[in-house]
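Lettered A, B and C in written order, each chain numbered from 1.
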């Protein structure tokens, strides 16, 4: 079974080591929680997996394929999708257009084929629009589908980003603090979406501060501190680990 | 050959001065202003108008031209920079300074005319001095003076240190209570004064000509990019290098390909060393 | 909404197509053709500036290349005007490629300066290569063959090409490439995340804009019937740029209206002509400071403000079954 994995990944900025030989594996149909204090390297690891940072040492693999030196774009084509801590929608486009953009890896029409409006371009457009609308119904954003993204509420932006990430049919979805700024009710809804994604066979990496949410949802959890893995295991194991309690959860 | 070289060095000094002006504005605002060359144009045109047109004595006219440059610098900051910076869209300052530069250039063209007009002698000297003529060495002297003055200003004075603090980290500077808006205004005033002074000093070389601004904005930028954004030493070296290469090109190929050569140099440097000769490791995302 | 838009488009096209029969004089036809020629260039430039956000202020250089290409091929080498028109387009896109390859990797201000330099270089070369271009004196340009040799015929030719080019750019803008370009403009990080090849996208639209600029140049030369380096001053490039920024980024209609109004205005209000470039600067400054999204977006913004707020509040309610069904269907291959 092909997994998305970081193997002994090291990343330093100037003299500061953000990640020191970190290994982590996300399997298909798994929610993998990633927790740790601020500055422990959670987002750095997510950026290393999605390609925004290239690892100084170690490897990133997807199944048999070595992604270590591969660009963000080619990782997207390989099936790695992500969301951002601060949602990054295109403010002037409608919600449905934003979600359709996520379908880029599925587009086969060439630039000049599109310019000449060949049948294929129009057909692809239709298929993508239908799928985007379905996804928006699925994550519960149907009422705001045609609204400009700049007019969305914060929670709506988060869900729209997830829909965009799912658009191309990824094998792995990396979520960077998706519950940040959501109300308890919205967090429940987010849980429903993430479980549904997992049950569809997609591997989910869940970077999150909201530890209750992570422990409740995850199949496995990794705890980071100062760029090192301090514990990896089931939610119950990590939650009761003395080191994790000391550095992060508190007594 | 020697004439071409001397002319090239003089022109290069003017490019270097423009690059210094870019740096002064960039340090506090992270903005590369399209109005840079136009500041020198103001110095030339108003210098000629105040002396030849109004008959002011030279020192007073010099002060007047510099004051006009400084005033335009402040106006630039106030109109085109301050409101736009708060919007954090990196394109907007390019558009607003471009708009302002266009208005200035056209305004001067309509008022002053589109023909280059002669600039008066600044120092009594007859015209037989040849290559030792003031029109060649004045720009060089001013460029060196400006670079040295900036260095002293940054190292020795309180305001200079505030400039440096703001250029390194504007957020931290504001957090420590530095009035960043005021400092930015001052830096634009200083840039305006420097630009006008350089334009005044080079007036006999360039004539009082409305279209000097745009070419100087471009050539000053090429000098800046070649030397490395943010480095004053780089600005001097880049400017002189550009001037001398232009001189050789003129000598061997004729004067028709000045711009082509200048940009060729820029592209070559950017390909080989993207940060410029004396720049820091990466091109800043401007 | 859709139907009404189609009615407007057809109406305007009919009005333009029948212009030779209702225009008051030849001058109006000439002006309409000039707007059309400018628009052919601006339509392509709009994808570069308005969509992918690359601030090219030197497209007048590409216009000059198309114009000189056409004049030299028809005049000196006696090519037929149709072949020369096609060659001008090809030359424009080739020069777009050569200019874009090194400069589109550079950050915004560097790129703008590179395009400015390009425009100045083209002027320099057109002055220096006097044998080919006539130097400062310029070149006469032959017209097209019948039935496109009369003012009415030329007007029709420009209209046909303009409609074709507008259709091409509209297709790019409305399908996936349009979204990708806007992502390149508004958030490179997002563009990368969804897999958009940022540099290639910028380069492709830049080459396309070179093509339209080359074609526009050929038609422009033929319309003016005589070209000199002074025809292609930098201010003209600035003018193209201002039409787009004022019309609004990320739309086609806005820049189209901007082009028509800004071209016609100094011609109709004669005293303005002297002040036109100053006026463009002022307009640009006003738009940047007051409506940075461009006048074309003002309707949209006002409409969004007026919309009742009640629609804004609703609870996000995912439909797990529908989502699961959707995820099971493969979007690709």
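Following the convention adopted for this analysis, a residue touches a chain if its C-beta (ideal position, glycine included) is under 8 Å from a C-beta of that chain, and two chains touch if they have at least 3 such contacts.
Given the structure is predicted, the values throughout are model-derived calculations rather than measurements.
*Asks:* So which chain is the furthest away from subunit B, centre to centre on CA atoms?
*Replies:* A
*Asks:* When you average C-alpha coordinates per chain, which one falls nearest the overall C-alpha average? Tell me, please.
*Replies:* Measuring from the global C-alpha mean, the nearest chain centre belongs to C.
*Asks:* If you tally contacts for every chain pair, which pair is highest?
*Replies:* A-C
*Asks:* Subunit A to subunit B: how many Å between their CA centres?
*Replies:* 48
*Asks:* Please report how many Å separate the Cα centroid of subunit A from that of subunit C, as a whole number.
*Replies:* Computed value for the inter-centroid distance: 38 Å.
*Asks:* Based only on mean CA positions, could you tell me how far subunit B sits from subunit C in angstrom?
*Replies:* Averaging C-alpha atoms per chain gives centres 32 Å apart.
*Asks:* Going by the touch rule set out above, which residues of subunit C reach two or more other chains?
*Replies:* In subunit C, no residue touches at least two other chains, as defined above.
*Asks:* Mind pulling the residue numbers of subunit B that touch at least two other chains?
*Replies:* none
*Asks:* In subunit A, what residues contact two or more other chains?
*Replies:* Touching at least two other chains: none.
*Asks:* In their shared complex, at which residues does subunit C touch subunit A?
*Replies:* Per the touch definition, subunit C meets subunit A at residues 167-169, 171-172, 175-177, 179-180, 182-183, 186-187, 189-190, 192-198, 204, 208, 249-250, 293, 297, 300, 304, 311-312, 314-320, 322-332.
*Asks:* Which residues of subunit B touch subunit C in the complex?
*Replies:* By the definition above, subunit B touches subunit C via 32, 79-80, 83-84, 87, 89-92, 94-96, 98-103, 106-107, 110, 214-215, 218, 221-222, 225, 254, 256-260, 262-263, 266-267, 270-271, 283-286.
*Asks:* Which residues of subunit A touch subunit C once you look at their complex with the stated criterion?
*Replies:* Interface residues on subunit A, with respect to subunit C: 50-52, 71-74, 76-77, 81-82, 84, 88-93, 97, 100-107, 109, 111, 114-117, 121-122, 124-125, 127-128, 131, 134-135, 137-141, 143-144, 148, 151, 153, 155-156, 159, 164, 166-169, 185-186, 189, 192-193, 195-197, 199-200, 202.
*Asks:* Inside the complex, what are the residues of subunit C that reach subunit B?
*Replies:* Of all residues in subunit C, those touching subunit B are 53, 55, 57, 102, 106-110, 112-114, 116-118, 120-121, 124-125, 127-128, 234-235, 238, 245, 274-275, 277-278, 280-282, 284-285, 288-289, 292.
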